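When the chains are written out, they are named A, B, C, D and E in that same order, and each has its own residue count from 1.
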Amino acid sequence: MSAAARGRADERGARLAALEEAEAEGRLDEAFAAGEMDAGEPTERPRISCWSATDNGVHAIDLETGLALFDACQAAKSPIDHSAPLVWIDVACPREPEAEFLRDRLHFHPLAVEDCVRGRQRPKLDRYPGYFFLVMYAAAINPARDRMALHEVHLFLGRRYIVTVHDHRVAEFGEVLARWRADTAAFSTVGTLAHALMDTIVDHYFPVIDHFSDRVEEMEAGIFEGRSEQGGLERLLNVRREMTLFRKVLGPQRDVVSTLLRRDLPFLSSELSLYFQDVHDHMMRVVEEIDTLRDLLTGAMEAQLSVTSNQLNITMRVMAAWSIILMAVTLIAGIYGMNFHIMPELAWRFGYEWALGLMLALGCVLLVYFKKRNWL
Amino acid sequence: MSAAARGRADERGARLAALEEAEAEGRLDEAFAAGEMDAGEPTERPRISCWSATDNGVHAIDLETGLALFDACQAAKSPIDHSAPLVWIDVACPREPEAEFLRDRLHFHPLAVEDCVRGRQRPKLDRYPGYFFLVMYAAAINPARDRMALHEVHLFLGRRYIVTVHDHRVAEFGEVLARWRADTAAFSTVGTLAHALMDTIVDHYFPVIDHFSDRVEEMEAGIFEGRSEQGGLERLLNVRREMTLFRKVLGPQRDVVSTLLRRDLPFLSSELSLYFQDVHDHMMRVVEEIDTLRDLLTGAMEAQLSVTSNQLNITMRVMAAWSIILMAVTLIAGIYGMNFHIMPELAWRFGYEWALGLMLALGCVLLVYFKKRNWL
Amino acid sequence: MSAAARGRADERGARLAALEEAEAEGRLDEAFAAGEMDAGEPTERPRISCWSATDNGVHAIDLETGLALFDACQAAKSPIDHSAPLVWIDVACPREPEAEFLRDRLHFHPLAVEDCVRGRQRPKLDRYPGYFFLVMYAAAINPARDRMALHEVHLFLGRRYIVTVHDHRVAEFGEVLARWRADTAAFSTVGTLAHALMDTIVDHYFPVIDHFSDRVEEMEAGIFEGRSEQGGLERLLNVRREMTLFRKVLGPQRDVVSTLLRRDLPFLSSELSLYFQDVHDHMMRVVEEIDTLRDLLTGAMEAQLSVTSNQLNITMRVMAAWSIILMAVTLIAGIYGMNFHIMPELAWRFGYEWALGLMLALGCVLLVYFKKRNWL
Amino acid sequence: MSAAARGRADERGARLAALEEAEAEGRLDEAFAAGEMDAGEPTERPRISCWSATDNGVHAIDLETGLALFDACQAAKSPIDHSAPLVWIDVACPREPEAEFLRDRLHFHPLAVEDCVRGRQRPKLDRYPGYFFLVMYAAAINPARDRMALHEVHLFLGRRYIVTVHDHRVAEFGEVLARWRADTAAFSTVGTLAHALMDTIVDHYFPVIDHFSDRVEEMEAGIFEGRSEQGGLERLLNVRREMTLFRKVLGPQRDVVSTLLRRDLPFLSSELSLYFQDVHDHMMRVVEEIDTLRDLLTGAMEAQLSVTSNQLNITMRVMAAWSIILMAVTLIAGIYGMNFHIMPELAWRFGYEWALGLMLALGCVLLVYFKKRNWL
Amino acid sequence: MSAAARGRADERGARLAALEEAEAEGRLDEAFAAGEMDAGEPTERPRISCWSATDNGVHAIDLETGLALFDACQAAKSPIDHSAPLVWIDVACPREPEAEFLRDRLHFHPLAVEDCVRGRQRPKLDRYPGYFFLVMYAAAINPARDRMALHEVHLFLGRRYIVTVHDHRVAEFGEVLARWRADTAAFSTVGTLAHALMDTIVDHYFPVIDHFSDRVEEMEAGIFEGRSEQGGLERLLNVRREMTLFRKVLGPQRDVVSTLLRRDLPFLSSELSLYFQDVHDHMMRVVEEIDTLRDLLTGAMEAQLSVTSNQLNITMRVMAAWSIILMAVTLIAGIYGMNFHIMPELAWRFGYEWALGLMLALGCVLLVYFKKRNWL
């Protein structure tokens, strides 16, 4: 283990310790929001956290209490039955014990639980008796590597509870938690909470779009400055790949949001549907932006090809013109380098000057000719 | 601050003063129409203006009166209830106070108001209780920079009022205002006013299309005149980008107009629907034109590539032919430049002429050969 | 004014005079059909003509009578009410007075009349109370310039009348008029007449398709004959542009014909719908043919690119091979042209022959080598 | 007339005579099946044949009897009314008299008859009162020219009769006729016969697909063997064109078969619909195969382009490397060929060897350098 | 027969013998699962096997018993009628006798049986009275040749029986059989068994996707390492072809699974439909993944082209620069190699050094110039 690696490990240990402390105090939302998490890095330890809204705000509660409240939620008659408090259970980095917890303690369907653990699902909305299972992707730009990261997020939406499952730290969750804490009254139903989560996730797409947009603009600018080195092409291919992967996820996700609007979902009050319509509009905008960017990128690549072949043309013309000029002039030198006994010019008083003049004249004539043909 | 910059600032101040004066007199429509506004430049000062139609024409009114009328409009029972006059409130360049005004005084939905302030929305038509919220884009060619500018426009359409929100000066608004003033009687409902606005916006797309069309034609003409310099390619990429951005906006905008036709909207009398059908036809035509232009541009770019590679072929053939001719002739000179003691030709009486003749003959034979193979 | 131009003007005057005469005699159909019209050229004078079917055939009638009959048509109770005769009013090259005539005298909707005068509409079918407004495009190949011309045609279809508006002479109208005259009995309703017009217009697309098809075939043939000169590429780009423009018009036109079939139109008897189905089939065929041609053209262009880059490869190999051969041989000449005091070969009896032999041998070895590598 | 042409004419006459004889004996199915027909060649003589199923099998009958039976068929009350025998009338190469026969004697609709005579229709299914009119295309590979031929086929399907019209000999008809003869009982309704015809036509598409598939595979194999000569490219373009033309026909034909399944057609018993479903599956498979092949072909063409430009790269590197090596070495020879009075090396004892050594050394150094850069 | 071939034959004989033995003991699932089968190789011998679930597990039974049970299944009143045991009959590599068995003994429809024997069907779901006929494709990567193999699989799904028909050994069947044996109780209906089969088949697509994904990534990595040799291109074309073929099969297969969900199928209890929804999601994911991969591959190929033409540009610039430098320097040597009697430099004391210096200076100037223009 090198010194540098050890240094990194120490640093990481310190950060994890700070996080643990934050969590211990139920300050995970702060931990989330304080920029301490690394989007590209999985949380290492499986962990289950609970929050619940009471009259004096939102508090982190221990699992025991959380489960008791969860069971009470199950008994709630309708999404707006305020006798049961809202409960949010967050499962991070689920392994076999967590899967068992979801399956046997929370009684979620084995298929949904399997999806949570195996991951790599399509965005989708599955209706199970008593709850919905939602798969979405959060996107972020990893500032260190300048790459997009997609994090799969699973949500179980019940009458008065919400259960989130994720593998990586998702900054969006921390943000929503902070907003819930700040204004508990505004989040009276699961629908509001679900909207806040989806809205935040979709809002975080825009910086990603901007990132892509910047890359495409750089690329476009680079074409005409002759910066066509390999590095640029490699970055371009990366951006293109990331945009393709992002687009793959966005398609079904847009369908999920459309479904939320069309279907008659029990936790969607008519007032909320305006808000989900808003999420849908943003979603549509993201899809259109990314399609436009892909279009622009294709255009830029074609322009690049055009520029390259244009430059090749110019190079070849320069080479052709100068080759012909130099060869023609060299030919004259070659002629007067022949060893014939009788070559009148050789004996001339100004023969040498005559030859040099001939070369110069021929060279100039050709030069002018090629200039006129625009080859030089 | 350089002298030139100061000059520009002075000039700008003068223009703003003139505008202020015009507005003070309720002559904003003239200001709009007089070509004083700069499509590419945001209005600097947030501002709220009101107009109302009375028996003796359309007049600019102060905000107080406007709001009183607005409240009366709210109470109007139907779109054709002529007891309440038509009111148009225009909010330019909304900042926080204006947003508050829209939200708290006019009671528009927070989501719609947020869209107005944040901007960069998709064209859309949202139905809120009692009014519609419409997002459209006005397009113009900035004559100085020869570029397209898209300006987002928001409309709230109520029973007897219309509220417009925009960031930049929109020439189309001035035009409609002038028409309203000229023939007040023809604008009896909000529908007529909304149609006039949308119709004018769509009509202003055609000069943009013509601008693109001219660019594409120039490009096509340039291909065969050998004008394949970088500048042209750069302009082409710009036009292509602008067309892509324009197309991105047009798609959902067309859907908005279709929705207007299909849905049973309260402010759309059956007689008006003929007029909206007309707007829809124009919208469709714009979309088809832009798609055709993109098609033509793609065709032109492919032809450009073909021409470039064809020219490369020609260049290479010329170079190959002349290289071979000159090398072959130089070889003869090289041979008679060798220093062997016994080289019979060197002693010949016409040895020099023989060598020159040989060169000429070889050169001519090759020249004819390459001419025949069409390389020269 | 040059003599040639004057000659052309004279010639034109004569032709116009002949046409006037023909029209005066109600022989416009003959004028139409006699090949005197020039598809690419607008009729210069706005003009309104009338024809009506009586028991003893179809006759050109003066406008007064025409209008009286038109008013009678308006009163007709159903499309098959034979008490009113069929009337065809043709408005050529409408200017402001003609627009006024359409709007105020014939009482057509201002929007439709505006479309007629402004032109450049999408093909469409608008339903107005009491009549239909139809926009179509007639296509023709201008034999002189070998280019396609599209002529916009507007039709008002009422109970017992048909009003056509057009800017250019449309050969198709003359043809239908001639058929009406020849067999008046076969055209008993407006539907029959409208079918005849649309059928003729669509039938005239096929020569255009054939023209495109010929161009594409020429292009395909030209690829492998090495005819890749610029002229060909320019023609190709023209054909492609024309096909794109034609396609743009065909799409909505096909939708118009589909609408005619689907909608329950009063002038379409069930027996006629078989005939309109036929027009629809032909329309579909035209669209499919043009799409196929575009496909073929794309294929040809790609093949062209392939051929060009293949030829470049061949050229470069030839050049590379010969350059290397000639340079290598020249090197030997250069070596024996050095001026070292002691160079044994120079003094050899057959030194010169040795050098020549060496050159020949080296050249042959290289030649054989390149032949084997298939570079020559 | 040359001897060869006369020979061909004789041969043809003999074949025609044999065919006539076969037909006279009602053995057309044998004629069809015996490989005597040439798919690429129109039958020269218009001809009408009849077959009818009686208790003791299928027999060719004369036209008189056929027409009598046809009239009886018209009177049949339902498709399964076995009182009327099944009649098949085949019209080959219809000219005006045959068209008149179809129109006036068999009372088919003039539009359908016109389609039969004019040909070049889209595949379609038209419903006329009392019968259906079906247009399909039979495909075959002409073994001599290795090209695909498409033959238009028209079918009139009535209650108890089937009338086929075609221009070229269609092997598929002969096959169905033979199957009918072999097992008359299996063909009890028009539906069975129609299914047999369509099934056979679609089954004959598979050899065509295989032919295309072989061509594409050859092409793919050829790319990496460096066989990029023009001939191959020409064949490729031909295959591509044929696939495009085939695809153009397949699209609407698939729709026809779908329509057959969806619509409630009187001659389609529920049991038969399983069989038509089978035809539909095969049709879908053909379409998917051809689309896949087109995809593969596009991929192969792109790979071809890649290979070509890769080879150009290699060629240019070889040429660049050798040019530089030879020029550098020649430069040394040129230097020692200069005529300066004082050039020490010239007088050295081993000056010549020194020069040659220098050349060799320089050449080797450059050679190694270029080998390392992978240019050679 | 070479020794190697004989060796292979022996080896094969031994393996077949082992398989026979395994089958004889009803251990086919083990045979399937033990990796003995070779995905790319058809089973040589037609064979019919039966399994049935009894109270004490699943057992291989002989054909007689199987058929008796099959007949009992036919009499079962509903899919959940547990009076009849579940029967699975597997037909491997059907030839004429097996087809007869399916047709005459099991009474399947001749069309379905023909599809089984002929193979090369599209994935589809056909409804026959009393049973469903399902065609699917299993995919596997042949580890030896690194190629994808698609194996057609036919399923007959009845009330209480399932009949599978296949040509090659399908590992998925063995897996399902093993699961059935391990937990007989979990497979109470045909639906569960069908789900298990389809689920396993679709799950086996993911390794194929991963295989393609690896190939594409290798390809992307190879572009910038300059590994553009032919071998890579050939592999790429293979991957592309396989992906195209796989995609061709996936499209209709996805439709089949959608149909399973939409249609009201008797063997699909509502609880099962959740599981089929899961299969559908996976199917969708496979399709999206393959489309994304094709997209990425296209991007990589375009980048490849860009890199190649970029490298050509670089090569040509190097060549142009060095050609011009060497030619210019050689020209000086040529000039001083001329034989004029009066050439002052020749007599200079440091003439030779002057010439060499001139050459060096010219070379350096040009070198610096080209370095500055970035050509070297």
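Simple rule for what comes next: a contact is a pair of C-beta atoms (placed from the backbone, for glycine too) under 8 Å apart; a residue touches a chain by one contact, two chains touch by 3 or more.
These numbers come from a predicted model, not from an experiment.
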Identify the chains in contact with chain C as well as chain E, in label order.
-> D
Do chain B and chain C face each other with the same patch, meaning over half of the contact numbers show up on both, or with different patches?
-> different
So what angle, to the nearest 5 degrees, turns chain B so that its CA atoms land on those of chain D?
-> 145
Could you state the distance in Å from the CA-based centre of chain D to that of chain E?
-> 29
Between chain E and chain B, distance of the C-alpha-averaged centres to the nearest whole Å = 47
Interface hub residues of chain E, defined as touching at least two other chains = 305, 309, 312, 316, 319, 323, 327, 330, 334, 337-339, 343
If you start at chain A and step next to chain E, which chains follow, in turn, all the way round the ring?
-> A, E, D, C, B
Contact set on chain B toward chain C in their complex | 220, 223-224, 274-275, 277-278, 281, 284-285, 288-289, 291-292, 295-296, 299-300, 302-303, 305-307, 309-310, 312-313, 316-317, 319-320, 323-324, 327-328, 330-331, 334-335, 337-344, 374-375
What residues on chain B touch chain A, complex-wise?
-> 109, 111, 120-122, 124, 126, 128, 226, 228, 230, 233-234, 236-237, 240-241, 244-245, 248, 251-252, 301, 304-305, 308-309, 311-312, 315-316, 318-319, 322-323, 326-327, 329-330, 333-334, 336-339, 343, 345-349, 351-352, 355-356, 359
